[in-house]
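Which chain is which? They are A, B and C, in the order written, and residues in each are numbered from 1.
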Amino acid sequence: MSLTLAELAQLSGSELRGDPACRVSSVGSLDDAEPGQISFLTSRHFEHYLARTRASAVILSRAWADKSAGNVLINENPSLAYALIAAALTRPEKPAPGVHPSAVIDPSAEIDATARIEPNCTIGARVRIGPDAVIGPNCVLAEDCEIGDGSHLVASVTLGSRTRIGARCLIHPGAVIGADGFGLANDGGRWVKIPQLGRVILGDDVEVGACSALDRGALKDTVLHDGVKLDNLIHVAHNVEIGESTALAAQVGIAGSTRIGAWCTFAGQAGVAGHLEIANGVNISGLTAVTRSIHEPGTYTSTVPAMEHAQWRKNFVRIRQLDELSRRVKALEKILQNRGDEESLADRDK
Amino acid sequence: MSLTLAELAQLSGSELRGDPACRVSSVGSLDDAEPGQISFLTSRHFEHYLARTRASAVILSRAWADKSAGNVLINENPSLAYALIAAALTRPEKPAPGVHPSAVIDPSAEIDATARIEPNCTIGARVRIGPDAVIGPNCVLAEDCEIGDGSHLVASVTLGSRTRIGARCLIHPGAVIGADGFGLANDGGRWVKIPQLGRVILGDDVEVGACSALDRGALKDTVLHDGVKLDNLIHVAHNVEIGESTALAAQVGIAGSTRIGAWCTFAGQAGVAGHLEIANGVNISGLTAVTRSIHEPGTYTSTVPAMEHAQWRKNFVRIRQLDELSRRVKALEKILQNRGDEESLADRDK
Amino acid sequence: MSLTLAELAQLSGSELRGDPACRVSSVGSLDDAEPGQISFLTSRHFEHYLARTRASAVILSRAWADKSAGNVLINENPSLAYALIAAALTRPEKPAPGVHPSAVIDPSAEIDATARIEPNCTIGARVRIGPDAVIGPNCVLAEDCEIGDGSHLVASVTLGSRTRIGARCLIHPGAVIGADGFGLANDGGRWVKIPQLGRVILGDDVEVGACSALDRGALKDTVLHDGVKLDNLIHVAHNVEIGESTALAAQVGIAGSTRIGAWCTFAGQAGVAGHLEIANGVNISGLTAVTRSIHEPGTYTSTVPAMEHAQWRKNFVRIRQLDELSRRVKALEKILQNRGDEESLADRDK
């Protein structure tokens, strides 16, 4: 597929400076794009490639536009313009509908005539698969699942019973949606399983990364609202609710019954304790532990940055003495205060 | 299925206050249960629903019993009573035994006549599957595995050769049990694989969460004793031993050869270094790093709680200066001591 | 298979002290080896077993050789000697080549006549599988993948399109290689997917642990060089590059576009932020957050070691006050300095 720069400018809402009839057929990075490719610049680190790129055109923000002698598409959100253009140039062919004969499908399942079921899938009783949905190879859908229009389970995805996936969702390999939550009652040392009776409900346009595990609710449902994006190896426990367009990076874990607002971001390996409320618009840094509810938007962090091991040894032993150190400082202050140094001490916050 | 409150009181060991003949057929949460459902109260947060629930009966502890005008089942462990009652009301039908024709089963495998093998499974040589066991769709059992009575591999579970699963175990989708441990010898910069020759042995009543990975021993076995419960995305390295009824929450990692006692709990994302001993009855908090053996029961923590990013920036830069700060305080104390302030300094611990 | 000690000494580059004709047929641990087995000693913790082991021979370093009355193979790297000897004694039979009839293979795939494809696999268009490769049960290879000579996908492995696996790689169950990277552009709160067009390229002799997820590049490729070893549940984001013979322990996460050098080690649950450079020969401790590039070899740490919960409560509240505490110490120093105590303060670093 090839498109003109005029067409790409229009579909991405960009201003074109250059030849509207110039055609490009694929995307490339600034340093190794060939003629016939379009590239982009979103980071200062790659600015030096701009002068010598062989790309037929470059997507960039206005601030950089004057530094390029070639065709440019100017957009204040060049990442977005790139996403739209790359999607237009690489749109895969719609796969042919149909059910592969190696798939094992319960006779009570309802599969739309435009859907596609790939080899070695197992699809349970009363499953409903919507128009244009694609169930990739070796997926398992337990009974009573529903898959919305145009959703794609890439391969090796497993859904527990009654899982509901909205429209245009993308579920990557190894993801498990709708396994039992971790619900246990203790009977004098012995654990007794609490039946996990809820479902997992995914809204529209949700993406779930490879090997992520989303548990069904204990009694009510686990819910991911429209536009939620999950990276790989994420744990979402039972009864969690995640608001619209919130994005979780890899290896994040959300404990049970926590409710996360909309438009939040969680960086990798962050962990959130159970039964908390996180407001809309909260950003959590990587490897950060959220142990209390957060009521105000903003960025929250507890990442401990790596240091040289010798420095770490010297300093981290002191963490165990912090309380004592604090008391010692208090004692020193008291001595000096008794001697009439209040004024000097009051200076400390300046 | 429906049961009377008298029956439910008996099976859960609860005291009934109300109508013994009242029948309930399912469970519901306090706020949206319907007549014909039984609910429960285990947290102060939901107490306000008690007065206006439409549930036919509520399971609760004695302290709350007087606040309900309706039928109540009184139990000092309402979570346990709920678990038993919910299980009784939702007991699934026993699935029909038999081997699905799409499963590929080595002729030397021994499958009990009452077991069930679902579609697209691959079962290796000399595997033995006990009575009433269920091997869900798309599971792989390598050669010489043994599955005990009534165990259930839900779907898409993979077992390495010689893995032994006890009775009544529940293994969730995506779990991998018996892959090679991470054993490497270094040959001048190049890694040489150390053959992983041990097994994974699971006792009875073990639960393994979605996408958890339990490695076979290097030479001896990796062992999880009876009643161990693992949540999702957990790593158990080679030669680990986990004692009876210990429970690990999601994303916990246990490094090689560590031995964990019985009745321990590990909260999410905790990590334990290799070759350690953890006593019985130890509780580890979330995102905590266990770097030394723990010989006494109790709770251990190193969670760094999230704070506002600006506050974090200001304070965390000081961690690198902790040792220096400690020395500065020491110097100040020395000066004042030299001046005869010992008495005041001795006050600091009061 | 059995081999003489003379043969084992030769293949492992060890010095034999004892009977060269003595035959051993398997390996065992020092405490429970039987005659006919060979054992090893690599840790002081097991030294006391040396005197009473029943093993026919023991692999150990020279320092321990005099403490054994029996046959010994002396090697300054006994782990390596053990790895070589255990591999020689346990070498599995080469599995018979051939394609299982239950595998679904696109007619355009090219499968070497010496390769083996196990049951319930799904293999896409134009996939190329090299000599002696083994694709275990229930694997999925999307279109245009390449598998090098002698590589082994154990079972339930999923490869995204165009993934390239070198020679002699070992990929454990549940691993997902070549799923989409987590690339999103923000359009006023709504996420727009950035097409992920790169590949994952694995060199030769790479090992990937169970349930690890390696994402394809966004535009260029994600690359793991020869001899890279990954444990379980690891996340490697798009465009990451990992140098030769670097080893990552379980649950490590590497964010996008980070470049890691050769001969590095990462302990469990470490996390590395995106767009960083890590030099050759860097060792990262467990649960450590790498937030900046590292230009010098060495060990880097930010692990916070677990302590008793009460001690933690007392000390960790002070972390939020560290900056204030530091200012208070500064104020005290100033007071004393004004009084002419400079000399004493200068002592603090001694």
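The rule we apply is simple: a residue touches a chain if its C-beta (ideal position, glycine included) is under 8 Å from a C-beta of that chain, and two chains touch if they have at least 3 such contacts.
What you see is a predicted model, and the numbers here were worked out from it, not measured in a lab.
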Same residues or different residues where chain B meets chain C? The copies count as same if more than half of the interface numbers are shared. different
Inter-copy rotation, chain A to chain B, in degrees (Cα atoms; steps of 5): 120
Per the centroid of Cα atoms for each chain, what is the distance between chain B and chain C, given in Å? 25
Chain A touches at least 2 other chains through residues 102, 120, 138, 156, 174, 211, 233, 251, 269, 287, 303-305, 307, 316, 319, 321-322, 325, 329, 332
In the complex formed with chain B, which residues of chain C make contact? 27-29, 77, 79-80, 82-84, 86-87, 90, 100, 102, 118-120, 136-138, 154-156, 170, 172-174, 205, 207, 209-211, 227, 229, 231-233, 245, 247, 249-251, 263, 267-269, 286-287, 303-309, 312-313, 316, 319-323, 325-326, 329, 332-333, 336, 341, 344-345, 347-349
Which residues of chain C touch chain A in their complex? 102, 104, 120-122, 138, 140, 142, 156, 158, 160, 174, 176, 179-180, 182-187, 189-195, 197, 211-213, 215, 219-220, 233, 235, 237, 251, 253, 255, 269, 271, 273, 284-285, 287-292, 294, 298-305, 307, 311, 314-319, 321-322, 325, 327-332, 334-335, 338
